Amino acid sequence: MISIQNVNQLYGGTRILWDLDLEIEEGSCTCIMGRNGVGKTTLLKCLMGLLPVESGQIQMQGQPLHTRPAEYRAKAGIGYVPQGRDIFPLLTVEENLRIGLPIRKDKAKEIPEKIFELFPVLGDMMHRRGGDLSGGQQQQLAIGRALVLDPKVLILDEPNEGIQPNIVKQIGDVILKLNEEEGLTVILVEQKLGFARRVGKEFRLMEKGRIVAADRMDNLNDDLIRQYLAV
Amino acid sequence: MKRLLAICCYCLGLMLSLSATAAEKPLPSELEPLLQELTESSLSKAIPVLDALEAEGGEALQPLFSYMLEGDLYYIKSSRQVIAVSEEAGQETFIDMLSGSEIEPLSSRDIKKIRVNNRLRGHLRDAIARLQLGSESAAVRESAVRSLLSDLDENTLASIREARLNESAGNVKDVMDMALALYRLESAAEASDRIEAIAQLEGSLEGDVRNALNRIADNDPSPQVQQAAQKALVGIEQKVEFYAFIDQLFFGLSLGSVLLLAAIGLAITFGVMGVINMAHGEMIMLGAYTTYVVQLLMPNHIEYSLWVAIPAAFVVSGMAGVLLERLVIRHLHGRPLETLLATFGVSLVLQQLVRTVFSPLNRQVASPEWMSGAWEINPVLSLTLNRLYILAFALLVFFALMLLLKKSSLGLNVRAVSQNRDMAKSMGIPTGRVDALTFGLGSGIAGIAGVALSQLTNVGPNLGQSYIIDSFMVVVFGGVGNLWGTLVAAFSLGIANKFLEPVTGAVLASILVLVFIILFIQKRPKGLFPQKGRAAE
Amino acid sequence: MTAIDNARELMRPDRVWPFLVPPAAPVDVSKNVLLYVEGVSVSFDGFKALNDLNLYINDGELRCLIGANGAGKTTMMDVITGKTQCDEGSVYFGQTINLLEKSEPEIAQLGIGRKFQKPTVFEAHTVFDNLEMSLKTAKGIWQTLMARLSPTEIDHIDRVLEIIGLKEHRFMLAGALSHGQKQWLEIGMLLVAEPRLLLVDEPVAGMTAEETEKTAELLTSLAGDHTVVVVEHDMEFVRSIARTVTVLHQGSVLAEGTMEQVQNNRDVIEVYLGEEA
Amino acid sequence: ADTIKVGVLHSLSGTMAISETTLKDTVLMMIEEQNKKGGLLGKQLEPVVVDPASNWPLFAEKTRELLTQEEVDVIFGCWTSVSRKSVLPVLEELNGLMFYPVQYEGEESSKNVFYTGAAPNQQAIPAVDYLMNELEVERWVLAGTDYVYPRTTNKILEAYLKDKGVAAEDIMINYTPFGHSDWQSIVSDIKKFGGEGKKTAVVSTINGDANVPFYKELGNQGVSSEDIPVVAFSVGEEELSGIDTGPLVGHMAAWNYFQSVDTDLNSEFIQKWHAFTGDENRVTNDPMEATYIGFNMWAQAVTDAGTTDVDEVEQAMIGQEVPNLTGGTAVMNKNHHLSKPVLIGEIQDDGQFEVVWETDGVVAGDAWSDFLPGSKDLLADWTAPVKCGNYNVETKSCGGQAN
Amino acid sequence: MNWLTQLFAAGRTPGHRVLPFVTVLFLVTTLASMANLMLPESSPLHVSTYTITLLGKYLSYAMLALAVDVIWGYCGILSLGHGAFFALGGYGMGMYLMRQIGDRGVYGNPDLPDFMVFLNWDSLPWYWMGMDQFWFAMLMALAVPGLLAFVFGWLAFRSRVTGVYLSIMTQALTYALMLAFFRNEMGFGGNNGLTDFKDILGFDLQSDTTRVALFATTALMLGVVYILSHLILKSRMGKLIVAIRDGEARARFLGYRTDLYKVWLFVFSALIAAMAGALYVPQVGIINPGEFSPLNSIEVVVWVAVGGRGTLYGAVIGALLVNYAKTRFTAIMPEGWLFALGALFVLVTLYLPKGLVGLSGQLAASRERKAGKAAQQEAHS
């Protein structure tokens, strides 16, 4: 589905991603993990086209993506839930959701009901400004907003940051459901092991801008954790 | 709107009737020596000649007087023959006044204008008015009587009395009665007569009536008459004051509409997109110059040129805006303050460009006939048509824009892009196109504003400069990012200014308004209609 | 002799002149309660974010505050720190100090420090400068202008740098830190300021498990000398530090008690924890 | 030097460019023509054009540059009073020579400046006389932009009118800021003022850009020239070329020159102007004539003096005579102001003026007005023995400015 | 995003290069002054008085730019009205110089300046009192703008007016002042302003030595102000000012009364501007309300941006360079200089986001990047 080869990325003069390779299979749910500052967010941004890559290739279903702007990637079916949510603060919840409608393949005019089933709170908050919502509500809105695009691949950057436990569970359920029932490919950055274990099928461990371990989630053992996730 | 159109037609009709009555009927030949004299007499000596002409020729002279009034009366140098040269659609026709027939075109070197000055013009107008008392159109008759009000004498009175007998139209009769009463007021020997006249004149807003009453109130030998006049005056003054208030309100609204037009485009480029666009004024200027060029291209259709100029200006300024966005502003995303500098540079370049292409002189933009003049509601209240149209136009543009932003996805997209560009991209919004379109839209509207402003003020390289500060003030006062705020701000500033002006004078009024804005912003640091919520902090 | 000593004392380079230091406002905690929040209500365009909220924090306590997203936890902190005006109610710091009358800087100078939910640091400054500015010193213009870092202060900052694990990054611009690092830096800014009351909004969001543990240790160690109020959704974390837990719901207190009690409260399970937590 | 350098100090950008560029072109045209005639003293003239950009301090700086860096022999330049005031100290310090071609408020006479535009007594007073005598005007609106020229002119006029027995309530004075564009209230006030039964006229010293909206508003509110005529001192052909003059027919201006005046010299001048600018529609105006006169006088004075030395040329200038474009001759007086005829023209619908009145002979420009208390006793005379710009006839001494 | 990284890359506590700056300033001033006074005019090294005056003017502009930079570059307060303080300072000096004329005016009135005689004022308005004393006039030249800045800043910063709102308010302020000073009733000479100055402190303003002295004073004051600003910005105060720029709310929660800091800095900056104005007027010989024009203030901001905001010497360099360009262009290409100037602004903002002084940093960065690439290639091979 998505293949990233040899990607390098620099901020100013500092190299963040080093010859990074990553393969994501269709219908998989891959969890990317690593300590703070290893470059997870950077990687996702490169994938989304929000940061230019220095060198390397990104492909989606065989099509090159790295030459294309972010809006093309969104149209091609990548939905992005950024770290820190990035809600449009002065748009209402409804407007935040509507933004994605025009690029849906089915040209729907209304926000799909599904979103409100998944996150009922969004229905209640429909006409409030996105920026006024509490952190957790914003997070739900961000996921909902990405789902409006009807994506093939959903990228989530620490989706549970600041979310109340029952909703964390619910988000997990949603991701599982989307992944298992609708075949949505999911790329997930997550720090909380419990959640990662529950939702992820695959894991990738990052360190210093490289993927250092990759396997099925079942094989994530304490050794690896100690080596790459412990402080 | 309908009402306006009706008034327009009425005015047009008036104009036409003035020139159309100048039919080419031959003049009695005994006038020839007098005409001859007209060509010879100097400006100061012409009045007796005109009086003699009027006395002898009567109504037949109306066309001659009209031509003379318009400055279209000439004589052939060699023969001293009096001719009229009228121009229509670039076509000159030469008419011999005596015979009333058209003659061969002559070169401008062979003929000489019969000069008129202000004094003669006044005289001619009175004469024409007297002659027009018998006109077929009631409107013409009415205005004829009105224009005679200011100097009534026994002679004129006689003609009015005569005309009154076979007058059928009610409103003309009223005016005639007023004229008669007015005359009676000042010339009747009996105090009771004068009081009666006062009663008749009560409530009239006509300036001449008021002046006469004022004179009577001060100087009449009879105290009763004086009192009556004073009482009548009080009533009149009250009315006048009321209308003066309306007048001022209109002035305020109209100034507001100008501010609104100038600011609306900025409300988009600056308010919504966040680009501090110092070249906004120059976009207005481009629109005004487009109007000028359009008029150059269609010299014979000035009446319609504005309808062409509006879309043309929108396109020209809009394209300029798109170019500016693509070439410069695109590279400055996330650096709003830098846009100030770059656009400031652009504004310098555009100004100089216009100076080089069109010369630094102001260009002449004609007002179409239907935009000139005023809608006379009564003698003390008349609303100038161009302002009225511009007011309507400003509102139209405003609501059209609102509709566009509400109904199309553009509105939503722009706001999304301006709030979080990266995220907007990730949602599949073609940010580049949205930026260009929005900036184009804002600039295009500025262009339209230029068309309107060309009807009010100079079309020159500095046009934009004079509006840029006001525009920013309006947008900020209203609250950045809120179009309604812009609307309210523009009108309130306009009205405040116009109500202050009579009290303080124009300069102090502007200063006070500025100080008021400064103080107001202390109270409401985000303008009249601030963006609310957590994110706005 | 004493005059010279006095003069010497006066000229000590590591100190501001004593008369320039504002007298430390004594917080009256005779009733052993540091913070009173009583009957506080806040609404935004008709939406009630806080609804007659009552909360008492004891001196030296470590209090965990949980509650559904949008329950009003952050808003409560906003009210305490003076960022948001409340519609009614009263907020007292100790017995005597009415916080509602004070401005944000005044409240901060009273010794109430805060970590925001979304990490906010001075991005154009280095990590070190960020900490320096947070030092507990006089905050007047003149003092700031004349301020010099004393060796003790430098040591203090170094210690904190060690704790927050940004020692290597001390001269890095804060804007270049990753999300988690910014979280740490902001905690560090709290630490150097040595406030009486710490309001910590979601400190472990985006931290790894181990870091979370470390944070837990840190906060526990702070309690006692300081009073700490922590908002967090990470139940594991809460469990590891919690003594008393308060649950907010729709702007008022839903439940309060030990972790045990709260965890088994039906209402809390329903609106917040979910079945299996 | 093998050329005679002529400095041209007119704004080519900024707000004043609109008026001043024309004068720059005029000077260039005059120089070109003079060169065709073989230059002066056997040398070619070389123009040095700079742009003071409508920025007053820059005027001073550019003058210094012209005089010390470029070492020009004469400067033609300035339009606004403030630019002249800014330049003046530099001229006096470096002993330069400047020709100032615009009508102005008077109250000045410098050894280093020749004023070829009209002084107030060459424009305002004759115009008011005309209105009073010919049009029987009884009420007066003195409307002006708030700066020194209108202030002084109006002050002079007010004193003059009161002298003539006009009551104070029959004079309305109104000032507006530069570039004022919203004239609704003021025009409506004028209309009211004029509607009270007495013949009313507006004497306008409104400057520059503000005129267009003013006249437009007059037209639209239906104030015709027969009801309330406006006589303007700052509106010439150039300004009119930017207005649709249809509704303005009959309003007046007072100048020393109109393009429409039918003399051979004038047609020749207009022809040359058109040829020089390559534009058949470019109009000519009064400051251009003033430039023309000034330039020719200077050329004659240089020839007479046989040198471009400022002191000698200055003395040679006095008494120079040059034919006016409107007939007759202009004479440079001892006070560095000209004697010229005054014309009053009515606006025609083709944007030209029709002369309706002119003074019998020439009027000598007055440096110090007779109607201002402070300057009644002052007199400028740059010939021996007085040799100063502000000689007080009472105290028989020169003011502080003496040099 | 990119600019942020660039900012960070070059950032850190800004090096103000005090020593080199002051040395260069000192050297240029002394050399130019000596070359003007000591060398004969024929000498090729002679510096003309014209140049000296020009330099003096540039330096006072540089001071103004410095004032704007302190507040904009460091504290993020974009003032579009600093020209107002500059002009007020200028008027203070102008009033003094006007009084110095005494009875040497054209009307020879010993008390009233010419324009007052001219408009029939019969006595000196109260606010002109005492302006014939140099010390008092200078005090006023600083105090009035300082007070204005204080009142304005106090009102604005306390009610947390920020961003463009503040910018537009400053613009409104200077615009209102411009209109007010244009009024002849104000008693400041209306449009013509104050001019025709004769001498300062008894020295003839036209003489070369006075001009050189004025130039040198300006240079000296610029140096002093520069060092002072440097010291302030280097202190913790300076850090805090930048912190307020980036996160005012955070600074407030740290216990800093940010509004006071802003007011303080605003006043400081206004005083620099006023001083610049007071030095400017005797050198150019005129002050009129045009100096209040909002466009002038915007231009100052442009100088700073061109030079490079956020570095003190950047502001100075920007002011010098743009004004030099203006002087040159208006002489060489009078018809087209606005094209050149406009283009300069656009190009600098587009390609030199950190201004001209950022150029070196930018070059270094690109060199680094190239080096990085090379290293990478090596690693590959």
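When the chains are written out, they are named A, B, C, D and E in that same order, and each has its own residue count from 1.
In the analysis below, a contact is a pair of C-beta atoms (placed from the backbone, for glycine too) under 8 Å apart; a residue touches a chain by one contact, two chains touch by 3 or more.
Chain by chain, the UniProt names read as follows: A = Amino acid/amide ABC transporter ATP-binding protein 2, HAAT family; B = Amino acid/amide ABC transporter membrane protein 1, HAAT family; C = Urea transport system ATP-binding protein; E = Amino acid/amide ABC transporter membrane protein 2, HAAT family.
Computed from a predicted model, the values in this text were never measured in an experiment.
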| item | value |
| --- | --- |
| Per-chain Cα centre nearest the global Cα centre, belonging to chain | E |
| Furthest chain, CA centroid comparison against subunit A | D |
| Inter-chain centre distance, subunit A versus subunit B - centres from mean C-alpha coordinates, in Å | 61 |
| Subunit B and subunit C: spacing of chain centres that average the CA atoms, whole Å | 65 |
| Distance between the centres, which are taken as Cα means, of subunit C and subunit A, whole angstrom | 31 |
| Euclidean distance of C-alpha centroids - subunit C vs subunit E, Å | 43 |
| Residues of subunit C touching at least two other chains | 44, 176 |
| Subunit E: positions in contact with at least two other chains | 1, 4-5, 8, 179, 182-183, 249, 335, 338 |
| Residues of subunit A touching at least two other chains | 11, 50, 132 |
| Sites on subunit C touched by subunit A in the complex | 44, 47, 66-71, 74, 117-118, 165, 176-181, 184, 202, 205-211, 214, 233-236, 271-277 |
| Touch list for subunit C against partner subunit E, complex | 81, 83, 103-106, 108-109, 113-114, 116, 120-126, 129, 132-134, 139-141, 144-147, 171, 173, 175-176, 189, 193 |
| Interface residues, subunit E side, partner subunit D - complex | 48-50, 53-54, 57, 101-109, 115, 117-120, 179, 182-184, 190-193, 195-197, 206, 284-286, 288, 290, 327, 330-331, 334-335, 337-338 |
| Parts of subunit A lying in touch with subunit B, wherever the complex brings them together | 48-50, 69-71, 73-75, 80, 82, 86, 88-91, 95, 98-100, 102-103, 129-132, 145, 149 |
| Footprint of subunit A on subunit B - complex, ascending | 409, 412-413, 415-416, 419-420, 422-432, 481, 531-536 |
